[in-house]
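Pasting a structure here, questions to come.
By letter and in written order, the chains are A, B, C, D and E; residue numbering begins at 1 in each of them.
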Amino acid sequence: MKLKTILMGAVALGAPASTAFAQAEDGERGRDGQVNIIYWQAPSIMNPFLSGGTKDVEAASLVLEPLMRFDETGELVPWLVDEVPTVENGGVSEDLTSITYNITEGLTWSDGTPFTSADVKFTYDYCTAEGGGCAQASKFDGIESVETPDDLTVVVNFTAPQPYPYSAFNGAESPIIQAAQFADCLGPRAPECTDQNFMPIGTGPFVVTDFRTNDVIQLEANENYRDASKPAFATVTLKGGGDATAAGRAVMETGEFDYAWNLQLAPDVIAQMEAGGQGVPIAGFGTLVERIMINNTNPDPSLPDDERSVIRPHPFLGDPAVFNAMSMAIDRPLLVEVGYGQAGRVTCNWVPAPENYASTSMSCDTQDIEGANAMLEEAGYTDTNGDGIRETPDGVPMQILFQSSTNAVRQDFQALIKDWWEQIGIGVELRNVDSSVFFGGDPGSPDTFQKFYADVEMYANNFPGTDPQAYLGNGLCKAAPTPDTQWQGENISRFCMEEYDALHTELSQTADLAERGRIAKELNDMAVQNGMMIPLVDRGRLSARSNTLGGVILNTWDSELWNAADWYREGEDG
Amino acid sequence: MPDGAQAVLDVRGLQTVFKVRGGEVHAVNDVSFDLKAGELLGVVGESGSGKSVTMMSLLGLLPSPPADIRQGRVTFEGKDLLQVDPATLRDVRGGRIGFVFQDPMTSLNPVFTVGYQIMEPLRSHMNLSKSAARDRAQELLELVGIPSARARLDDYPHQFSGGMRQRVMIAIALACDPKVLIADEPTTALDVTIQAQIIELMKDLRDKLGMAVIWITHDLGVIAGIADRVMVMYGGQVVEQAPVKELFGNPKHPYTQALLTTIPKLSEERARRLTVIEGQPPILGEAPSACSFRDRCPRAIPICARRNPPRFEFGDRHDAACFVAAEVSDAG
Amino acid sequence: MLTYIIRRLLISIPALLLIAFVIFMLLELAPGDPMASMPLTIPAEVKQQMREALGLGEPWWVRFPLWLKQFFIVEPAYWIDSAFGTDLAGGQQRIISFQSRSPVFDTIAERMPQTLWVVGMSYVVGVAIALPVGIISAYRQYSVFDQAGTFVSMIGFSVPPFFSGVLLIVIFSVSLGWLPSIYDTTHSVTDWDSFVFQLRQMVMPVMVLALQTTAQISRYMRAAMLDNLGQDYVRTARAKGMSERIVVLKHVLRNSMIPVITVIALGIPSIFGGAIITEQIFKVNGLGQLLIIALQGNDIPMVMTLTFLFAVLIVMFNLIADVLYGVFDPRIRYD
Amino acid sequence: MTENTANPPLPAGDPTAPVVDRNQWWDVWAQFRSHKGAMAGLIFLVGITLFCLVGPWLWGIDPTTLDIRNKDLRPIVNALWGVENVSWAHPFGTDNLGRDIMAQTMQGGRISLAVGWTAMILAIVIGTFIGVVAGYFPRLDGLLMRLTDLFLALPLLPLLLVMMLLFRDPLRAAFGPEEGIFILIVIGIGITSWMQTARIVRGDVLALKEREYVLAARSIGTPSRRVITRHLLPNVLSPIMVSATLGLATAIITESAVSFLGLGFPPDYPTWGKLLADAVPRMVSFPERVIWPGLAISLTVLAVNYIGDGLRDALDPRIRGQ
Amino acid sequence: MLDETTPLVRIRDLKMHFPIYSGLFRRQTGAVKAVDGVSFDIQRGETLGLVGESGCGKSTCGRAVLRLYDITGGAIEIDGVEIGESSQSDLRRMRPTMQMVFQDPQASLNPRMTVEAIIREPLDEHTTLSKAEKSKKVLELMDAVGLNRRFAKRYPHAFSGGQRQRVGIARALALNPKFIVCDEPIAALDVSIQAQVVNLLEDLQEEFGLTYLFISHDLSMVRHIATRIAVMYLGKVVELAPRAPLYDAPLHPYTRALLSAVPEPDPAKAEARERIVLQGDVPSPANPPEGCNFCTRCPAVMDVCRRIDPTFQEVEPGRFVACHLYEDHASRAEKAEAHANQQGSNA
């Protein structure tokens, strides 16, 4: 199987990184000319604080950099600072209420001015300014103040102890912007600063020369980049638009592009493209889990908004016999084979990684239709009218609406799962919604995954960085989207358990890593076993690079372009 | 009358067939006639009698398919127009033989100026320069009696009235001093007062320019006023041919006779009933093997149903295709 | 003629206002929210503030006239300012895209070149092929050429571009490697080589689109030619001894072009509307793709502006078509 | 030669028996039959319609049945390239989830054709109604033609999106998920494609209105209602039928484009457009999966177009007369 | 029942103007005066010929008389009923009395209806006969106009021009009308067929006691069929007289010119004839000349003609003419004065 080699390749690329770096360090900046990157979702803005879209965040990461990044293993690595502040090295205060960053000396912005702690503080001010609509505002939650004792020191003070103090200023979603450039763009004026938002000044390896929204971004090497031999490429073209198939084809079959982002394609399609010989797929695993969310409320369209999506329980999906049977009926290995191949693996967990937090208590590798049928039968769900669909003891037919976003692999999954569920006597109606609408969070649309006007829905979600505390917070009662919150909220299932809430509070007060791991695993199991979701596949991120593009290290914890400074052109034989 | 003058146009045995779905229409059958220099030949017949088709066949103006000229010889200036190459035929058309059509409303190209349309044949047949052609066009418009001719050269056909348009058509036909002018029902679409104007004009022009004219019409009144000689057509054939006075005074063919009596005359006392030719014109499905008028003929005899009558001579340039008139015995 | 044009222009004003209103209300009815692409982590009240900042808090009867003012007064003012260095606009609020936060018209202007290059060129190519095909098909009605032309143009009409486009890519980009599969919108023509490159990257999208244009226009051309070939004046031209070439290419063509030119003119707005699917397949990121992305992102100002611009063009080219009719057909004199 | 060549030959046989003229539709049919392309098109259209209507009933395999262990079967290709052990259980092969492609093509055809026909009929009905009313009643003409312009200026996609969002749930509740979407798509296509018909019909009605037989009907005292139904409608039938064939083709194409953009039917509800769009990414590996729906769409549209061409000729008395 | 001596049709000052709109706001800027103040009577059983050149308004006049148009002004009285102002629904009840035969037998028959259906249409609209009765009536009508009953189920395209015109006549006869407007019924027919149709019309008139308004441009044919003749020029009747005096001694210069322009189908007489060839074209009815409409082409034009429109008056019993040549001096002077006053007041 070719895909095996991809993974091997990816791992292999990670391992001899030092040689790659060595090779890259040899030459002058800009020696390798042009690199072409294709994102099938076109970036619309270069300011991650004004857009939550991955495409925008990643495009911006070529220019804007955070203080620290997550590397390909999910570990924090210092980027603009000297070292990762910890309690051990005194960077984090013992009471977990403040963290101190020491900025590396001599850093400059691409316009040549020095990078100082004032810029970091400004970034905080910018995102927390009234009316600015900062998309990353939650990263700055709990921060009391940001102090700048001197040009190279930043102290972040928290209102309460923070066991995980790294969410602000770290990772691609929270980079540092230049105070001088954005000074006039605070608050409500933020969206109007077109030049700033399209051509931000950064510390990264590249600077924007031409930005065409939703189309193409052209960049050139940052003359003031801290490493004189980097980046190896003089110019970058980041093309957007089209579809994943075309992007994969452009890298692996026609060789027009060097790097294609996030190819959500069936394994046989990827394999076919790889046969084109111009490039290879690369994959890496993170915390992304494809799952089926179970609606804990009653989505009957005849009910008013409040009752429909919040208050009234679902007529049968709340019964463990039902959701367990539904889970048992699913042949997860087959799903992996059909949808992701080697870029996916079976998972029974909400939090599949990192190892410290990944539960191992559950197993769901094998499909058991008979068992599921028996379980339903036993719980009193029988087909009383002989139409092939079971009824609940109160006579409600077990007919469900199963929605997902529009995506070839998801539609295949929907078809397969529908087939299996119908074998256990649950009638399924499928619906697919365009992803921009589905994930849009638009309170006006009935089709968002948050409104969840369906019985079950399938999508994937993950968390940035390596700490699952906030992610596990998605299971809290108060996080349920309701009409009162403009349908905003992360607890899509409206899952609500007092025990869970209590345990989560405990997690947020625990600093010990092992203990945090234990609690997190318990939370994970609690949510899955009580009908919040049916996890399906732990999805790897699959991208593609040209055979001649060296230095690529696929990183699922940060921007895929996190180390674009290290990219270089390999010889034709490479 | 230029009796004995040389024939400028000589047509022999012309046969034209239209192919239609499920068969053929024999529109013109064995038509022969000649035209002397300076002569005005009137051709009379009802619609479908083949008079227009005959004239268009002469110059290859029928679209083919469906038209197919099966047989015949058309001698003009020593050449057989049915055999010559297309380029020569084009030179004859418009250059040596002019054509005026029935409907002046549709026969002029609506998107070109009148001047352009007159100059077009001048430039291609006579190789005149643009300004010379323009001068000549102006002359022609003056000739056909269009006031302020120079200015009107730049007008479009729709800016002219029907009579004026027909004058323009005549000017185009006369552009290259043709030897023969064929006028296909030139006044049918016009009002009587305008028709009178055009008839007067044509008479003048013929006298002035001395060309031979073929005038096709269904109106015996028009013919009587201007023609030297008349040819009557029926069912795709020539049934009678005679000098004009002879024809009107002494018609031989029953069809001609009937035709002359059916028309109410302005100057005669009103009859209680009009004379009527009963029945309908024939269908020209196949080559005739009998007299095509026999079904409507009050004097038909058995032989008329068996043979197609040839043209019998009745004295001075007068012939008619009728057994009865020729007093052929019914024995055959 | 002038009165006619002025009159038509006057009539189009209420028509356009009505169209603008209908489009506005359509989008109003559509449950769209510009905050759609914002992550869930943004607190609801912040989103509400952002919504108000975008002017969404007001009822439609406030926003519609405001929008009209922006479209008809402010935007042209900015345009004049940038062209002549004046300062008419005086820093008034322009129409801002919800997605990119940049002025909508700037984005549209940015997209115009590739749309014109590809879709416009395909229209030109399509028409250039269609006219001779239509002429020959009509002149040789029911000939082999006519039959083949009919067949090919119908194929062009019946094959969806998302199929023919990908097929071309598979053949010419993947298998043969002759042509690029992805259109480079930043490419600028400076010398011969870059011109050749531009041609190469245009070939496939242009052909896919031109096939459809050709299919339609050649049918119109054929029908118009057939109509005119049977007219009396054709016989007159032949009787004047004109060669077939002049008869067909001058007399008949000139008349046949009258209806065809209006059809061509009426088709021009579709250039600006872009060819959504073809643009998507070849990544031409023109106006069509802009519309789709804006629709998906609930970028109401962008959708509104694009669709209305499109409506303006349709109305305008309707007028142009009528005027052209008058110009090419001397029989038609308005007034 | 002027007209009037058509004199009725006296029919042979019983001279007192009433002569029933060949209905002129018989003439139309005779002319139509002589158009080879149109006949081929008609035969194909009837064939494919039967294939889609009767096919599933005979074939008996449900298009949504998954048979994952038999996925990616391609008997035709295998047979062509000489691979042994070709299984003909699925003659067109199966897709990547083991669904029978022939059954899907049949089912997809049912929907695509149904969408095409209904949308076309809707467009024709609206277009004819507006066209006739505008042409016949001068008072309404200006208003209706402005309305036509308005619809011409309305973009299809935003309209469909908006309709989708506004009416999907009520329609789903009332008619079920597939039928609801079906109604939406049909209406969406229908109300954005009637304008050409309306314009053509209006033009023809304006011309016909001045014809003497309409005047004759008015001189008899026939009310407008019956003038329209008796004298105008039958005589604008030929342009209507021609635009109907074009409309059918356009509706099928539009549905496929809408499917391609992901706005169409539920994912397990195949249409030709969706089958084609789904197969495009695997075009190189499994070209036959593109070919079946692609051929079905193209040939149907081609057939319908040829039928339209044939009808145009057959309904044109000038051509028919030849 | 009205007494037999009152005219069946009485037209007074009939006007049919078609407005012309122009300018920016489509104001009415003028009118095509297709029929501009026409008056005549038609007695029961007679045929009034209406002649004139194309565009003179004779067809419009015929249609206006039957109220196929909403007329601009004037009175139309048919069989004692004033219909000038009637609504179309009231007119519907009057329709059986008055019928029309059209010019183009091809265009006046719906190509998609059988002959039977065409002839039956008036019966469907106005009678409550059973189907069988209607069929019987249709066949009788076909007999009456000389159409073979066997062809009842055929479509118009299968008939020749003359036969089609018979169908049109049968349709007009279906409701036993009293008055028929024949609008150029023979203009589109071949010479040999024209006579058939004219004879048929005459026979029917005799049989059913019909009254005709016979519109034609063919003066010879009108002379044959009409008892009295009205000559129209540019929307107005210029002369109205019984047949014999009109043809023998036309009064109006236009009538004279018109008659002299008719070709004489006898070469001997044709040569001898003195023809009056009118110069120029008919002016546009949208923009008629001032004074007498004919003044631009009249061979006997006088000064007064260019200023004053002559009145239509009876110069001899039964002979009406609108020409200054026949106005007595007194009335002319009076009019001139009135005209001058008018000019003066305008100035």
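By definition in this document, a residue touches a chain if its C-beta (ideal position, glycine included) is under 8 Å from a C-beta of that chain, and two chains touch if they have at least 3 such contacts.
The model shown is predicted, which means the values in this text are computed figures rather than measured ones.
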| item | value |
| --- | --- |
| Contacts common to chain A and chain D (chain labels) | C |
| Required minimum of steps from chain A to chain E, each step between chains that touch | 2 |
| Farthest chain (mean CA position) relative to chain E | A |
| Chain pair with the most C-beta contacts | A-C |
| Computed distance of Cα centres, chain B from chain A, in Å | 90 |
| Centroid distance [mean C-alpha coordinates] between chain C and chain A, Å | 39 |
| Between chain B and chain D, centroid-to-centroid distance (C-alpha), Å | 51 |
| Distance from the mean Cα position of chain D to that of chain C, given in whole angstrom | 26 |
| Touching two or more other chains - residues of chain D | 3-4, 7, 165, 280, 284 |
| Residues of chain C engaged with two or more neighbouring chains | 31, 174 |
| Chain A residues counted as touching two or more neighbouring chains | 434, 445-446 |
| Interfacial residue positions of chain E with respect to chain D in the complex | 63, 66, 68, 91-93, 95-96, 98-100, 102-104, 106-114, 121-122, 125-126, 149-155, 157-161, 163, 168, 171, 175, 190 |
| Of chain C, residues touching chain D in the complex | 15, 18-19, 22-23, 26-27, 29-31, 147, 150-151, 154-155, 157-160, 162-163, 166-167, 170, 174, 230, 273, 276-277, 291-292, 295, 303, 307, 310-311, 314-315, 318 |
| Parts of chain B lying in touch with chain E, wherever the complex brings them together | 46-47, 161, 163-164, 191-197, 199-200, 218-225, 244-245, 248-249, 258-260, 262-267, 270-271, 273-278, 280-281 |
| Footprint of chain B on chain C - complex, ascending | 231-233, 235-243, 246, 251, 254-255, 258, 328-331 |
| Sites on chain E touched by chain B in the complex | 53-54, 160, 162-163, 190-196, 198-199, 202, 217, 219-221, 223-224, 243, 247, 257-271, 275, 277-279, 281-282 |
